[in-house]
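In the two complexes below, chain A is the common chain; its partner is chain B in one and chain C in the other.
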Partner chain A sequence: MITRILLLLLILLMGPQGFAAESYLDVTAPTSGKMKLAIAPTTALSGTVAGDARELPELFGFDLGIAGPFEIAPTEAGGTLLLKSAYGVQGDTAILECRLVDQVLNREVIAKRYSGRLKDLRRMGHAFSDEVLRVLTGEKGPFTGKIAYVSKASGNKEIFIMDYDGRNPQRLTNNGSINLYPDFAPSGKEIIYTSYKKGNPDLYRRELFTGQEARVSARSGLNAMGVFSQDGNKIALVLSKDGNSEIYQMSRDGKELVRLTNNHAIDVSPAWSPDGSRIAFVSDRLGKPQLFVMDANGGNLRRLTTNGAYNVTPRWSPKGNRIVYARKEGGFQIYAINPDGTGDTQLTKVGSNEHPRYSPDGRFIVFSSTRDGGEGLYLMRADGSGQTRISPDRAQNTHPTWSVNW
Partner chain B sequence: MKTAFTRNYPGPGGMLAISLVCHLVVFLVIVNWHFLPEFHQDETPVTYVDMVTLPVASPQSGMPAPPAPAETKAPAAPAPAPPAPAKPAMALPTKPAAKTPPAKPKAQTEAQQKEAEDKAFNERMAKMQQKAEERRQAAVLDALKKRGSSRTGMPGATGNQAGSDYSSYLQSRLRDALKQVIATQTKAPQVIATITVSPDGSIDYRVEKGSGDPFFDDAVQRAVALAGKTLVPPPNHTQYKRVFRFMPEGVK
Partner chain C sequence: MRKNIAGCLVVLCMGALVAGGCAKKDMVKPEEAAPSVTAPAPETAKPAQEAPTQKAPVTEQTPVREPVVAQEPVRESSKAPSGDLQGQLQKIYFNFDSSDLSEESRNILTKNAEYLSRQQSLKIRIEGNCDERGSDDYNMALGERRAKAAKDYLVNLGISSERISIISYGEEKPVDAGHDEAAWAKNRRDEFVVAK
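Entry: the complex of A and B
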C-alpha cells in the first residue's frame, strides 16, 4: 500500500515537465505537395531541331505531369527544377541529351545521353522520364513499358501493343478470330493470351521479338484468363475441362497442372500476389460473384469482398498492399481494397470502367472505360486521381495490361 | 467480518501517516499541475513583441510638455475677451497675456496672471509625472531583463531566443523561402535542422532528423539556400545558431 502511494507520488512529482518536448522554431508553408518542374524547348545539338524532337517537351510534360509529384510550371523561371533536352542526328543515329537542373541549388540533378534509331526518339524521352522519377523518388518510372490490349480496330478482337501513352500501336495477332486476356511475362518479352483461332478457346504463349508462338493449353472447354507468376515459371488459369470453370496452376510449358479450386460454382480471374504465395480470384459459390483469396496451393480460402453484389477481375498491386477490382453497380466501377479486406475505396465514378491492371511500379492503373462513348483505354494514378484517356483510336479497346520497361 | 477489519486497520498512527501522504499528494498535484496561477510556468516559447517597444511605449515620451493647463483654464476666466487663437503656441503660453491691451480691467489681468501660474504649475506636474513614468518603465524593463535573460523571447535576450529580433527575422526568411520550393510526397513530413548563420551572414544547416520524404528533405535544403541568398548577418558580429522545425502548414 505504502509502496503504491510512493510510486504515485513519484509519478506526480515528475509532472508534465517530465514529458515536455524540446522547443523548436517552426517554419511552415502551405503546399499542394507538388514540385514545380519547368520544361525547356528542345534545342539542337547541331543545325535545327527535327519535327519529332519538337514533341519532346510535350512528352516530358505528359509523363511527369501524370506521374503525380510534379506541377508543370508555365515558364522556365517558375520551376524549382528545369528539364532541358538537346537533340541531334549523326547519320542514322539519333542522339538525345537530357538534363535535369535544380534551379535553386544551381546544380545538375541528372544528365543522360541516349543514342539509337531515329524511330526510337520517343522511347529515349520516356527513358529519361523514368530516370527523373528514379532520381527524385527512389523508384524508376514505368514509361518505357508497353501496354498490350484487345482491340477491334481491324474488325475482330485482336491483341495489340502500344506505348503507355497510346502512341505506336502495333497489331500482334492477325488471325481474324477472337483473341482475349493478354498478360505479359515478368520479362516483358513474352505474352500469353486466349484465342479461338482453332475453334476452342486455347491458351497461347508468344515471344514478342521473334514472333514464335506455342499453344500451351488446349484442353477441352475454356483455357482462359492465364496470368504469369512473378518468377515467370508458373501460369494460373481457368480451365473448364471437367464441366465448370475452376482455377488451375500450370507450368509455363503447360505440362504440369495442379487444380486449386474444386467447387460446383464458377471460379475465374486468378491473380497472383507479388510474392507468389497467394492467389485472388472470383467465385460465385455464395450466390453472387465475389473476390476470394487462397494460398497458392489452394488452401486457406477466405472471402475478400463483403461490399457490393458483383465484384470481378481482381489484380494485385506490385507492392502487394492493394487489390484493384471492378464492381457492378449498374455499370462497372473500379475499386481497390487491402488484402485483409479493409480500406475498400472507389476509384472511378464516370461511365462503366473495367479490367483494371497496375503498372509495374504500382503508380498507375490502366483500365477500359465507356465514359467517352465507345470502350477506350484510360490511365489513372493508384489513388484514382489524374484519369486520362490513352486509347490510340476510337475503336473498341479493352483488357489492357502493362509490361515492365523494355 | 470483525476479524478482517481488525487485520486491515493500521491503527491511529498508520491512519495519520496515510492521511499525511494523501494531503501531500493532493498538494503536489495542485502545485505540479498548475492549478494555482502563481505556480504556473509557461514552457512554450512566446514572442513578446510588445516588450521590445516598451521604452517608447508611452506616446508622451520625448514630446513637449502636455497642454494640460489649457483645459483647466477655461472655466476660470469669467469674460474671455482676449483672443483665444494665441493658445496653440505651447512653448509660449504667456505671450498672449503680455500682449493684451492695457485698457483691460484689473480683474482680468489678475485672472490671466492666475491662469499663467496654473499653467506653469501644471507643466511642472506633467514633467514630474513623466519622469515618474519613465522611472517606472525603466524599473519594469530592468526587472524583465533580469528575470527573462535566460528565457526565450524576453528583452535582454542575446538574439538566439525565440521571439528575439534575429530569430524572428530568420524564421520569416525561411518561411518565405519554403513557400517557394515546398513539395511533399507524404502527408506530414517534418525536418528538424540546426541552422547556423556566421558573422558574415553565410548560412549553414545540419539535419538533426530527416522526414523520410525525399521531396520535403530537398525542399528544406532549397529553402535554406534560398533564404541564405539575401540574409542580413546576426547582430554584434556573432554566430547565430538555433534548431528549426520545418513542416507543411497545418501539420501538428
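Entry: the complex of A and C
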C-alpha cells in the first residue's frame, strides 16, 4: 500500500495537471485504505499565533477527518502526510500559508498561500481542505460551501445560513411568520423558500448578497417545496391552486407554469435528477406515501420504493446514481436507493432522522436528527459512515441544504 | 450586522472566483512550488491563491434591503374579530394520516353550517393542521386536504364556497407542544376562523 501511495504521489508531483484527476483514492468508498495524515500546530509567520489561528489544526482535522480518505494521526511523526500551516497578519490582512508534505518522500505535495480579512481565516482553512481533496482524490472538497436551514432559534421558523461545520450561523429571514424549505440556486448566490409572511404559503427567491427578494409564486394555496434544476433555469414545486397538491415546474421567475401530475392524491417533495431529465417525488396515490419517478415533462411515471409503508423526501445525488430519502418506521430513518429501485440501503439507525440532502460533491449527506434530543443538524458520508453533529446551537434546526463552494 | 454579512458574502464570492481562476495555474510543480521541507519558503516560490480580497469597500456600501413585506404581520387565528362569533364555530379532529370526516366531525360541521346560514355576512377560513409524526412536506398537503374536506362538506350543506377559504399549516401550528397521543390528537384538526 505504501509503495502504491508513493508511486502515485510521484506521478502527482511529476506529471502534468491531468494526472491529479487520476485519483488513487477511491472517492466512492472513502472508508477503505485510509492514509495517515498528521496535522502540525499552526505556527506564526511573525510574532505569536493569534487566538483564532490556534483553532486551525482542529478545523483541518474536522474537515479531512470527516472527508473519509484520511485517518488523523495523533502525532506528527505518525503521519504519512503532514499538514502544516503558518499564520500572520499584515495590517488588516490575514495571511495563511498551508503545505501538505509527504513525510516519506520528504516532498511538498501542495503549497498554498491565502490572504484576506481577519474574519475570513476559517474560510481560508476550509479552502485548503478543499484543495487537499482536489489534489489527492481528483475532486475538490465542499468545505467552503454554506448550509442553509430552518431554525426556531428566534422562536418561530426562520431561514438561517451557516458554515458547513456549524460555525458562523446567520439569520437570513426576519419576518416572524413561518419560513420553510430553503433551496440554493446552483450558483449558491440565491435561495428560494416558502414563507407565510403575507398570509398564504408563497414562494420567494432571495439574493443572498443584496437581500433583494421577489415573490415568484403566490398562487392560491400551497406554493411550497421549491427546488432549482441543476442549470438554475427552472423550479419544480408543489402548488394546490387546482384543488389539491400537484407537482409543477416553472421558470425561475415563476412563469411558464407546467403541470406534471394530475390526480386526487397528495403529490409533494419534487427532486430533480442532476441532468434535469427526471423528477422524483412523493405520492400517496396508492394509499400511503411512496417515492415515484417521472420524466421532467410528467411522462413515464413509475414507482420507485416498494419496501416500507411510508417513504418521503427524495433527493437525487449530484452524480445521479443514488436517491436518498426518509422512511417512517416509528420515527424516520434515512435510506438511499438506486434510481432503478435496486440497492435500497439503510443509512441511519439512531433517533429519528429526516430531510436528507447530498453535499454538492456527493461525498456527504446532511440531515436532521433527534438523536441528541430536540431536532439538530448532522452530516454523514454518503455511505452512512462518520455521522457527526454540526448544529450550531440547541434550537430546533431542520431542512439543511448545502451550497456549492462560495 | 446584516450589512456586514452581505459584505462578507460578496467578498467571499469574489474571492472564490479569483481563487478558482488561479487554481488551475497553481498545480504543484516540483521545480518551483515544492521547496524542500527544511528550506525556508520564499514568498515568490509559493503559488498565490488570493482568497478573500481588498474589494470589501465596494460591498460594504451595498445596503441590504430587507423587503417591506417582511415587516407585515401574519394573519393569526387570534386576530379574528369577535370571540363570540368565533366561539360558535367548533374545531374538528382527524385520525393519523387521514382526512376522513368522522360522524362526530360531520355533526360539528352541520352545526357550523347552521351557524353560517344564520350569519350570512360571515366569511371563514378553514385552517388544516397535522400532528408532528408525519413528514412535514407530506403534512403540508395533508393539512390542506383536511381543510378541503371540511369545506366540501359545508358547501354540500349549502354554504357558498365564496365564503370559505382554506389554508394548510401542516404540522407548523400545533395547539399542544407535547409528544404523546393526547397532544397529537388535539393537533390533527381543522380550525374555523372568522375572516374579516
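Rule of thumb we're sticking to: the second predicted complex is superposed on the first by the 374 of 406 C-alpha atoms of A that agree within 3 Å, B and C clash if a C-alpha of one lies under 4 Å from a C-alpha of the other, contacts with A are read in each partner's own complex, and residues count from 1 in each chain.
Rule of thumb we're sticking to: a residue touches a chain if its C-beta (ideal position, glycine included) is under 8 Å from a C-beta of that chain, and two chains touch if they have at least 3 such contacts.
Model, not experiment: these values are computed from the prediction.
**Student:** For the three-chain arrangement built by superposition, which of chain B and chain C touches the greater number of chain A residues?
**Tutor:** Per-residue touch count on chain A favours C.
**Student:** If we overlay the two complexes on their shared chain A, which of chain B and chain C does A:Leu301 touch? Say first, second, both or neither.
**Tutor:** Neither partner.
**Student:** Could you tell me if A:Val104 is touching chain B, chain C, both of them or neither one (first, second, both, neither)?
**Tutor:** In the superposition, A:Val104 touches chain B alone.
**Student:** Check the residue A:Gly138 against both partner chains and state whether it touches chain B (first), chain C (second), both, or neither.
**Tutor:** A:Gly138: touches chain B, not chain C.
**Student:** Return first, second, both or neither, reflecting whether A:Gly33 touches chain B, chain C, both chains, or no partner chain.
**Tutor:** In the superposition, A:Gly33 touches chain B alone.
**Student:** Quick one: is A:Thr80 in contact with chain B, with chain C, with both, or with neither? Answer first, second, both or neither.
**Tutor:** After superposing on A, A:Thr80 lies in contact with chain B but is clear of chain C.
**Student:** Based on the superposed arrangement, let me know which partner A:Gln170 touches: chain B (first), chain C (second), both, or neither?
**Tutor:** The second partner, chain C, only.
**Student:** Considering only the contact definition stated at the top, list the common interface residues of chain A for chain B and chain C.
**Tutor:** 12-13, 17, 20
**Student:** Inside the complex, what are the residues of chain C that reach chain A?
**Tutor:** 2, 5-6, 8-13, 15-16, 19, 23-24, 26-28, 30, 33-37, 41, 43, 45-54, 56, 59, 62, 64-67, 69-75, 97, 133-138, 140-142, 144-145, 148, 166-169, 172-173
**Student:** Within their complex, state which residues of chain B touch chain A.
**Tutor:** Of all residues in chain B, those touching chain A are 18, 21, 24-25, 28-29, 32-34, 43-45, 152, 162, 167, 171, 174-175, 178-185, 192, 214-215, 219, 221-223, 225-226, 242-251.
**Student:** Considering only the defined contacts, which chain A positions touch chain B in the complex?
**Tutor:** 1-2, 5, 8-9, 12-13, 15-17, 20, 22-31, 33-36, 69, 80, 102, 104-105, 136-138
**Student:** Please output the residues of chain A touching chain C within their complex, sorted ascending.
**Tutor:** Listed in rising order, the residues are 12-14, 17, 20, 93, 97, 99, 101, 106-117, 119-120, 123-124, 127, 131, 134-135, 144, 157, 170, 173-178, 180-181, 188-189, 196-201, 208-213, 215, 221-222, 224-225, 238, 240, 243-245, 266-269, 282, 284, 288-289, 310, 312-313, 326, 328, 332, 354, 398, 405-406.
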